[in-house]
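Sharing a structure, written as structure tokens. Questions coming.
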Amino acid sequence: MQRTLDIGLNDLKEQLITMAGYLELAVVYCTQAWKNQDASIASSVYQIEDKVNRAHLEVDATCLKLLATQQPLAFDLRFILSVIKTNTDIERMVDQTVNITRNSEYYLKHPPFFDTSDLSLMSDHVRQMVKNAIDAFVKSDVNLARGVLEADDKVDRLKDKVFKDALAWMKGHSEDIEQGLNVILIARNLERIGDHSTNIAEDVIFSISGKDIRHKSLGQRFQENKK
Amino acid sequence: MSLNPLGDFTRLHYKRRKATNILFCSLMVVSTLIVVLALGAVFGYVLYKGLPAFNWPFFTSLPKPVGEVGGGMLNAIVGSLIMVSLGGLIGVPWGILTGVYLSEYGRGKFASTVRFSANMLSSVPSIILGLFVYVILVKPMHRFSALSGSLTLAIIMIPTIARITEELLKLVPNHIREAGLALGLPRWKVTLRIVLRGSFSAIITGVMLAVARVSGETAPLLFTALNNQFLQFRLDQPISSLPVQIYTYAISPFDDWNRQAWAGAYALIVFVFLINLITRVIFKPTVKGLN
Amino acid sequence: MSILKVNNLNAWFGEHRALNNIKLSFDSNKVTALIGPSGCGKSTFIRCLNRLHEETPGASASGQVILQGENIYVAGVDPVRIRRKVGMVFQKPNPFPALSVFDNVVAGLRLAGIGRKSILRDVAEKSLKLAALWDEVKDKLNQPGTSLSGGQQQRLCIARALAVEPPVLLMDEPTSALDPISTAKIEELVLSLKKEITIIIVTHNMQQAARVSDKTAFFLLGELIEFGDTSQIFTVPKEKKTEEYITGKFG
């Protein structure tokens, strides 16, 4: 039996997948300026932000309508709740990519004089996290979502390392403080994107299994996993 | 129980309630038995008295003159059939249409007058109805006739059938009528083809019972159809009927006639019984699915 | 496009005024739900739309009800003709007693004088399919309509109403006597039927109104309080009374 709610939920999922597609692009584009020495792609990120902002409102309106008219329960209810949160996460992530784009443009004009290979590594990890979080949502894949949670720790460690390297350089070269700060901001924004990816992963797990694993240590999470 | 302050009271109360229950159950069983026994006794006695004369010639031959043994009630059987059929032919449609009017269209003063009259008419003793037909038909025609007898039976039937029809149609929920009207059907079609059709088998049951009831009427026929010792089929001539024939034979001083009266009574009971049985089997008196 | 327009409609039961100056317009191929507490006039209102209201003794109505451009409350309009264009399904499933499933479905046509067996058979099959009942009853078309289950009986009544092909279908609390599964089936049916027909449904069940309708009208004490898109009525009602009713503060 095809329920009206199913039509609404499918519609919702598609809207969110479209947004997620934009997000993936934005995450790739935002680092292009410094990685590929190419500033031309920055404007694409701004266009994406515009589209995502509009989609953000649409998804919220759809969720509100479904909640008001279809009385979703159990999986349907958890799914809509996780969509509402994921929607906000995606919008915030795209905002972060806009920030990173600006920093990248600065980076291109004023490249730092210290080794930033960790920042590069970090951005690759974050990109993978975003991709996996979105895939987990699209495929309803709990294991993929768990992988995202584990990857977050790696990103956090990389961020600490980038901070440390930048600070060390800045202490010795006060004339390069701005370049150093710029690198720190990029790392900071990348880390935030990673955090939002874990939020999405947690929501995927919640909507599929009904288990709320937020604010628990990795150890606890794995214990739950064994149960 | 000791924890319950009302324990003793409850137990006492329960005992009394049980006793009352047993008392009333027994009363009901006894009342039922009396009714069934009465029916059984009547049936048994008539069977016992009537069976000796209840044979083939009883149905196929005419009464023999006094003194000759044998003969039957063919004339009365035919007469009863004719008058009950003709009476039904007049009374059944008339009664049903009156009932339909009362149930479907009857509002206001006229309808309540009709309803009241029907109630009155059904409680008027049948002999008075016989007298009425005697005055309006027998007198002007200067003779007793099958027609007058039929008309009397019809008049007895009409109020009963009308009330049965009205009551049965009132059982049809109003939303059934509305469903018909909402389909874009005129009211008369809804009434005849949906409402009446839906209760038809129940109404037929009622009608058959009314017919069975009038087939035993004696008194009004004395004034209208009288009796006839010969077999005849004309409507403008006096005609015999089972009840009147039974009456005549039963009060006669001849043993053979008395025996035949018992056989006639037996035939009448069997006839009424069969009508009851047939209507119950063929037209199951259910009003199922109306709610 | 609006198929049915109501202007200044008033309805009475004797001296009691049941509807007060109702103004409402129904779009074709949409489902409009009428909600409101008991006695608010919503049932009276739809019974005015097929002129069934006046069949109640002492009841009367005035105003304009314009069906496909024709005011059905003008003197001389035959209500019988109007009712063929505005079908109705009632609160209790009410198949005609002593009629078979088949005879129930074609009752509207047959009693209107269409007797060709082949036509009736086609119409019965089409209507039962539309009412999502065909698969369940195709082997028992000759059984009494009343032998079906409650939910099936209600779908039979829907098929019976559809058989005369009215452009508008009124439903007066069609699921209030049914179990949840049958209710869900009727709701699903309503959604699939709107491709064919304009549906106006009265319901006591607000969630049902929310689930099945495109537009919702809220009635209170014989007045139309608010009319709008269903999602708007249930998320940001404009009137305080609507908000109070749908949030369960009264009613």
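Worth pointing out:
Letters A, B and C name the chains as they come in the text, with residue numbers starting at 1 for each one.
Here is the rule we use: contacts are C-beta pairs under 8 Å (C-beta built on N, C-alpha and C of every residue); 3 or more make two chains touch, one makes a residue touch a chain.
Just so you know, these numbers come straight off a predicted model, no measurement behind them.
Comparing chain C-alpha centroids with the centroid of the full set of protein C-alpha atoms picks out C as the closest.
For subunit A, the chain whose average C-alpha position is most distant is B. With centres taken as mean Cα positions, subunit C sits 50 Å from subunit A.
Centroid to centroid, with C-alpha atoms defining each point, subunit A and subunit B lie 90 Å apart. Between subunit B and subunit C the centroid-to-centroid distance comes to 45 Å (mean Cα coordinates, whole Å).
Counting partners per residue, subunit B has no residue that reaches two or more other chains.
Across the complex, subunit C is touched by residues 1-4, 64-65, 68-71 of subunit A.
Per the touch definition, subunit B reaches subunit C in the complex via residues 107, 172-173, 175-176, 178-186, 189, 193-194, 197-201, 287-291.
Residue ranges on subunit C touching subunit A, taken from their complex, read 184-185, 188, 191, 207, 210-212, 230-231, 234-235. Across the complex, subunit B is touched by residues 50, 52, 55, 57, 80-88, 90-92, 94-99, 107-108, 111-112, 144-147, 157, 160-161, 164, 170 of subunit C.
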